């Protein structure tokens, strides 16, 4: 069941090690099916190198396994907590990507100093205080810190990005790590100046209007 | 039309993720055809992994689409602005490569401390002040800061390199990021000393005279 | 002999350059056969790119070559010293991975500030004082510093990780380097706060109970 | 002519971008034939991605082209200067690898704080003062700074490593960059302590006696 979603979620999980966002079996991507509300997620402790679409696990929003021979990710409860509170979210990506997580290590937010990331997030990247691992606490930390936005760090842990699909969530994770790296490098040489929120808002709206292929000539049309 | 230029511009766009200068669909390369004056550029929001020569867009200097089923890069107006003011430029590469952009994040120029980059640029890498995204402002910022040279940073945004071809512009982007990284690392350990401009000039002239295969025995001749 | 173990140890050695933990022929992985007590280890000075299972060397706990045409790793005595004192260890991975070794360069431990590594180690990463290269001294340094745990740095030298198998030891080496990098980056921007040991203990127990596929539905069952 | 040497020198040149030591066409490897004294070197300005053994250039010690359709590397004069003064050297590798070159950017030597590099070099990595690009000056700077050893930095420029073959010179370049990175990272967090020269000497002798496959059972014997 949910073959197309399985394919997409598998492909996005495999994107994580390719992009250098994860090592071993750390990190995971899930996607929610808009029709059934079911969630496809990475199995627990399976190395990315061994991941195939049929190994993914399908769960309902209460965590019951609907299809799959493997135990789902140990972070499944976090994903489900977020999906329940955020009806706009259909994909979640979780990594410990080093630059972004270095901010989480100190409980720091990532300031909004670069247009490539403010175009996408429309704000800085907030950091939730430490939450003991487990479903409710970390899920709540992400939802509260994200405050309706698309990304949050969790102190001493890592990064969660939220998208309209698994692909979008993973794409945000990529840009967020790039911005975290660039911002970190700049901060080592001296203070950085945050963009004014009104300029961020203007750019964010401009980018939404103009970026990508939607609302324009279709591919191969 | 412009098949050879499409091939070259596509290949140079694909060089960007291979060299670690971009992630996702961020960044773009264009090339200008010396005969027709038309510009071939990356389509907007298309991931590098999915880019093929036929997906590139051909535009004229006023931005009208001459050939292509996709919307051109959101940065097309910037490229065209530069081409109009710089008749010597036939290729432009734009990235958010992390080390160079970390200088842009603080509105800093990259000082001229390493011969591998001063051989190519003949000077430091200037940084334009913040320009609100859009055609005129950012294009103007690049042209003014570059001051007839081959590269400029734009504050809070990224890197633009200008070449006699798309290949040369991308090659400069590679060396510039390498120099930005090395210079950044050195600056973290203590002050760096800039090369005197007269020595830069001497090296730049020496390098132009001696480097590469032009004016010498031809390949396979 | 020991074909399966040869395969595993070879594969784990090859993981090291793929993961960026080693260069050239530096670093090595060994595995101990639970039945015979024999150890399979990388030959000395052979580049990872040229390594195949048949080139590995089988030695007994006293260092006598049982099978193999090549001289075993110059670090074999260290591996054997550890195996003799640690009956729970069946795999050892040794690298000079840069971020972790940068702590070793200063004789510093890696503080426990990130859950992804404390889930696995249950503590910080200790650093043994400098030990002159050779069997007894460095082996003793690792065993003493590890204090029954799964990892230790040796000052001015590198990283040793200990596992229930060669695969587990290498997996720990991967996560340890990721944590070392993230912790290093955080420390450059300001002080980091160590997790309380009681919280580390709680997380470690939780992770052992829930992570991976053991004790659950089997793969393909 | 010199087919085997061409193969080796080409392979070692290709190792440089694979190992992340160079970008574009920057950097070069040469090898000297022990019988004829002729030198095989990379052609000028040819991208590593396009390099094949037949494109390499054979020159004599005075720089006359003996075989080859392309102009040799712009650094050929430096290589020849070194070969003339160092009869023990049969391979030279030159890179601008970022961590090592960041020391060169400040005219700093790389202190001897890590056994993996002191095992190979037997000392720190010296840095020659700035030398204007060209044959005599930079060659002299390398020979003087290396002082009979296997590596030297040149201020504001890059790294030169010298070996008994092109393969050995490139291998040293790899380990040197790894050590430069690790040492740099350590220095950012606080002072590093250099190893006493007598301990370096002891380790260097121990490593020469024990490392690798020479003087032992031959492969496949």
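Labels A, B, C and D are assigned to the chains in the order they are written; within every chain, residues are numbered from 1.
The definition used in the following text is that a residue touches a chain if its C-beta (ideal position, glycine included) is under 8 Å from a C-beta of that chain, and two chains touch if they have at least 3 such contacts.
Note that the structure is a prediction, hence the values are computed from the model and not measured.
Steps from chain B to chain C, minimised over paths through touching chains, total 2. Any chain that touches chain A and also touches chain C would be listed here, but there is none.
Farthest from chain A in terms of Cα centroid separation is D.
For the self-contact between chain B and chain D, the two sides draw on mostly distinct residue numbers; the shared fraction is below half.
Taking CA atoms, the transformation carrying chain C onto chain D includes a rotation by 90°, reported to the nearest 5.
Chain centres here are Cα averages; for chain A and chain B they lie 31 Å apart. One simple way to say how far apart two chains are is to compare their mean CA positions; for chain A and chain D this gives 43 Å. Those residues of chain A in touch with two or more other chains are numbered 188. According to the touch criterion at the top of this document, the contacting chain pairs are A-B, A-C, B-D, C-D. Across the complex, chain D meets chain C through its residues 19, 113-116, 119, 171, 174-175, 177-178, 181-183, 185-186, 188-193, 195, 199, 202-203, 206-207, 210-213, 216-221. The touching residues of chain C, counted against chain D in their complex, run 23-24, 26, 43-46, 55, 69-71, 74, 96, 98-99, 101-103, 105-108, 132-134, 156-158, 184, 187-188.
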